[in-house]
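Down below are the structures I want you to see.
Across the two complexes that follow, chain A remains constant while its partner is chain B and subsequently chain C.
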Partner chain A sequence: MAAEIQIEWSRRILYILVFAAVIFPLVMGWEMSMKVSPHTKGLYDAIEKLEPGDVVILSFDYDASTYVEQFPQSVAIWEHLRRKDARIIAVAFWLQGVPWIENTIREVYGLNKTEPVDELPDYGKKFVNIGWIPGGEVGMARLGENVAGIKEQDNYGNMLKDMPIFEGVKDAHDVKLIVSFSSGTPGAEELLRQIGVPYNVTMGTAVTAVSAPGFYPYYPKYFVGILGGLRGAAEYELLVERKGLGMAGMVAQSFVHGLIIIFIVIGNIQYLLERRRQEEERRRESGGA
Partner chain B sequence: MKRTLPLAILFITGMWMIFSFYIKGEAGFFKYLDQGAEWLKDWVMIMGAFAIGIGVINVSRIHIHNILRKRPGWYNSVFLFIAMFVFIIVGFYEWWKEGTVTGGPIFQGLYNYIIVPLSATMFSMLAFYIASAAYRAFRARTMEAVVLLVAATLVMLGRVPLGEKIWADFPLLTDWIMAVPNKAGMRGILIAATIGVLSLGIRTLMGRERGVLGPTGG
Partner chain C sequence: MSLVETLAIAMAMTFTLVIYSFLWRENRAYRLAEHIFIGSGVGFGIMFAIEYVYTNAIKPMGETIAAGLTLYNTGYLFGKYILPMFLGVLLYFFFSRRYLWIYRIPMAIFVGIGLGLAMSGAAQTQLVKQILDTMLDLIYPLIEGNWIEFINALIIFIGVTGTLAYFFFTTERGSVRTWGVIGRWTMMVAFGAAFGYTVMARVSLLIGRVHDMIVNWKITSTLFIIGVILAILSYSLFKGEGKT
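Now for the complex of A and B:
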């Protein structure tokens, strides 16, 4: 009973400390400098090499559960592409990816909720929101075969065939870069299989921290860059010099990681002491016998 | 016949898609092969879109039963209906008024101020569980556990700016762990999984894998 109470209390203390480690840095607005990893730099360099007017597909394949990591990635990359004057074709193979295209555009162009996205002067010329493409991997294959004709209308009911953004764009051979914001299936691997490799299109991906290790075998040959989690977003914000949610969250993440390591150390010291005590008891018992 | 016909359709369409992927033709037989494959893919996309509607019907059927039979937690089903139909009605309203669903202000408000915080809360709770689990379960019991513990600690420190404050080269060490041992292990898993998928594909095309035909296997 006493042991159960002790576990319950230690859990409560842990939760309070984690809560404090997240809240304080965010409230205080603390910042920390960091190095940029070669995986992030790879994607940045690929975008830097783009010429004005080059076509880029951004695939928003995430939902609200991972937005904390992936929304800052989307904003930083879109901002970079906007500065490079690239033509951005935004699609979503996840139904819940569509609101994130909308949110990213509103964040980058500074729109409020009532201002229509498709009335921006650049809309249809420099960027387009095609919206949801059904069919998962099959939808990806069809996008590769027919970029401009994958759907008749964009997310706002405008006819795609009337848009200058699709001038000279037939299939994925006319696309210079694809960036997949991916947090599951269908996502970056499926896009690589259906468009990246068959059409020899340069690809990069921005994924959650937990899934990033699975993408390392593809780097740098198949994915020129990988943004892993909030750290990847923060590094990209640093590169494009645009402070956002990524950099804001890194200090909080630093504190929580540090706290978890302290917990691991304390837990292991307790375990080793307990083991030594049990061994001594066993030795005493066997010596007594 | 009940089993042979679906297997024949499976084999023909499967081979059709494989040929159309590798052989592209501008004229004659190969042109039709290509065009047919495009139609098939369009059908899959249309069926994918309709599957959402079937999903709504299926979910409604299950939860109507829950409510009518007053099964334990039936009130959760009521909330599910309220949430689902509010979104459907708002979606249709926005489409009619604004010409877009996700771009409409009411939909954006509902999504950004209800769905987003709820989903983020569910996901954020992991941080508390991981911290608690790290304290109680991450113990150096065996040599393998020690290797895991050391690697995890180094990666955790190297992935945050705090690690750089402690030692400037922490990120380099983390990158090496991720790019060499992790990459080697993941590559092995990927190659093995791909061979598995390939063999499953061949078995399905040959009619030896009957899972695709439903629970009775045709």
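Now for the complex of A and C:
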């Protein structure tokens, strides 16, 4: 019983320490220097190579449960595309990805919650929010076949056929780059096999840290760049010189990682000591017998 | 900031702290927040789906009928709207034990289309090209004399073949089994990297919530809410609610 209570309280103390390790650097507003990984640089370079007016599809396949990692990624990439004067077609194959398209636009263009997105002067010319495309992988295949005609209306009820952004855009052959903000299925892998490979379109992806190791085999042949989690977002923010949540969270991230390493070392020492104690006990018992 | 926005942020922060209170022990406040989260998620999905069906099916269908029904129009109407909607409606037979077999018809069509689409692309990108690249990455640097790339490719090659050998169960001993030991170590390294990334992802979520609390709300208000939550938890602790 005493051991159970001890474990219970040890667990709680660990959580309190982790919480403190997160809150302290964020309150203090500390920053740290970091190196940009080749995976992040690859995507940055691909966007740098774009010409003004090139068509880019951004696929928002995440929801609120991973927004902390993927919203800063979306904002940094959209900002970069805006500076390059690319034509951005935003879609979501996840139903709950739609609000994150809108949140990203509001963040990049500095709109508040009440200002309508589709009344921005660039809307329909430089970017469009098509909204949700149902059907998962089937929807992706349809988007590849007919980018401009995938839906009749955008997310706000405006007719897509009247928008100048779709001038000269028929199918995915007319798209220069696809970036998938992917946190599951359907996501980047499905887009790669439905549009990326069949239409030979350059693809990049921004994924959660959990799924990042699964995407590295695709780099650089299939995905020219991969942003992995909050770290990827921070690196991209550094490249486009737009400070956001990614960079703000890096010190806290490092603090917690350090703390967890200490926990692992302590846990292992405790395990070894316990094992030695048990062995000694067993030896004493067998010696006594 | 408007009153509605302030209220929304206050609610978001309170729910965040209530959900994290589970780490201390399970309690009624946590369960309430969990149910509200699931309920609002489902509600959002239903609302969006109804709106989607109305905008993309019912409304254009009505417009087509209003424009006058010709032979072409009727075929278009049937193929684009009526048949898919009919198949969609059949899915609701899932709830009937007697007519469950009807539900299987649209399901078979959806699975068939999905599988057909996925298989060709998956075989190409996730199997054939990955195998080819594992081999070719080993050969090209050797021809070019790029030794660093060659060593990198060699490590990948050994790891891949070792992992495959580990899952080759037809022999109990011999070189395949020995090679499988390398595969086991490769997998351990991969699992370690995946674990590290998982920790990073979970910590990122906490960072995001704490960052929002600090940016959107005064820290004093946050501490006040923490105090309230702790008070509720202490109360539930004394009342003996919930078991960890």
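Convention: the second predicted complex is superposed on the first by the 289 of 289 C-alpha atoms of A that agree within 3 Å, B and C clash if a C-alpha of one lies under 4 Å from a C-alpha of the other, contacts with A are read in each partner's own complex, and residues count from 1 in each chain.
Going forward, a contact is a pair of C-beta atoms (placed from the backbone, for glycine too) under 8 Å apart; a residue touches a chain by one contact, two chains touch by 3 or more.
What you are looking at is a predicted structure, and each value in this text was computed from that prediction instead of being measured.
Visitor: Tell me the contact category for A:95 with respect to chain B and chain C: first, second, both or neither.
Guide: Touch partners of A:95: chain B and chain C.
Visitor: Which holds for A:117: it touches chain B only (first), chain C only (second), both, or neither?
Guide: It touches chain B, and chain C stays clear.
Visitor: First (chain B), second (chain C), both or neither: which does A:164 touch?
Guide: neither
Visitor: In the superposed arrangement, does chain B or chain C reach more residues of chain A?
Guide: B
Visitor: Identify the partner contact of A:221: answer first if only chain B is touched, second if only chain C is, both if each is, neither if none is.
Guide: second
Visitor: Can A:33 be said to touch chain B (first), chain C (second), both, or neither?
Guide: First partner only, chain B.
Visitor: Would you check which partner chain A:141 touches, where first means chain B only, second means chain C only, and both and neither mean what they say?
Guide: In the superposition, A:141 touches chain B and chain C alike.
Visitor: After lining up the shared chain so the two structures overlap, which partner does A:253 touch, if you call chain B first and chain C second: first, second, both or neither?
Guide: A:253: touches chain B and chain C.
Visitor: Kindly classify A:15 by the partners it touches after superposition: chain B alone (first), chain C alone (second), both, or neither?
Guide: A:15 sits against chain B and chain C alike.
Visitor: A:193 contacts which: chain B (first), chain C (second), both, neither?
Guide: Only chain C; A:193 stays clear of chain B.
Visitor: Do chain B and chain C land on any of the same chain A residues, and which?
Guide: Residues 15, 18-19, 22, 65-68, 95, 98, 113, 134, 136, 138, 141, 157, 198, 209, 212-213, 217, 228-229, 231, 253, 256-257, 260, which sit in both footprints.
Visitor: Which residues of chain C touch chain A once you look at their complex with the stated criterion?
Guide: Chain C reaches chain A through residues 5, 23-24, 41, 44-45, 48-49, 52, 55-56, 60, 113-114, 117-118, 120-122, 124-126, 129-130, 133, 190, 193-194, 197-201, 203-211, 214, 219, 244.
Visitor: Which residues of chain B touch chain A once you look at their complex with the stated criterion?
Guide: 21, 38, 41-42, 44-49, 52, 98-100, 102-103, 105, 107-109, 111-112, 115-116, 118-120, 122-124, 127-128, 130-132, 134-136, 138-141, 149, 153, 156-157, 159-165, 171, 175, 178-179, 182-183, 186-187, 190
Visitor: Using the touch rule from the top, collect the residues of chain A that touch chain B in their complex.
Guide: 7, 10-11, 14-15, 17-19, 22, 32-35, 37-39, 63-68, 95, 98-99, 101-103, 113-114, 116-118, 131, 133-136, 138-139, 141-142, 145, 155-157, 198, 209, 212-214, 216-217, 219, 228-229, 231, 250-251, 253-261, 263-264, 266-268, 271-272
Visitor: If you look only at chain A, which of its residues touch chain C in the complex?
Guide: Contacts found on chain A: 8, 12, 15, 18-19, 22-23, 26-27, 65-69, 95-96, 98, 113, 132, 134, 136-138, 141, 151-153, 157, 189-190, 192-194, 196-198, 208-210, 212-213, 217-218, 221-222, 228-231, 245, 248-249, 252-253, 256-257, 260.
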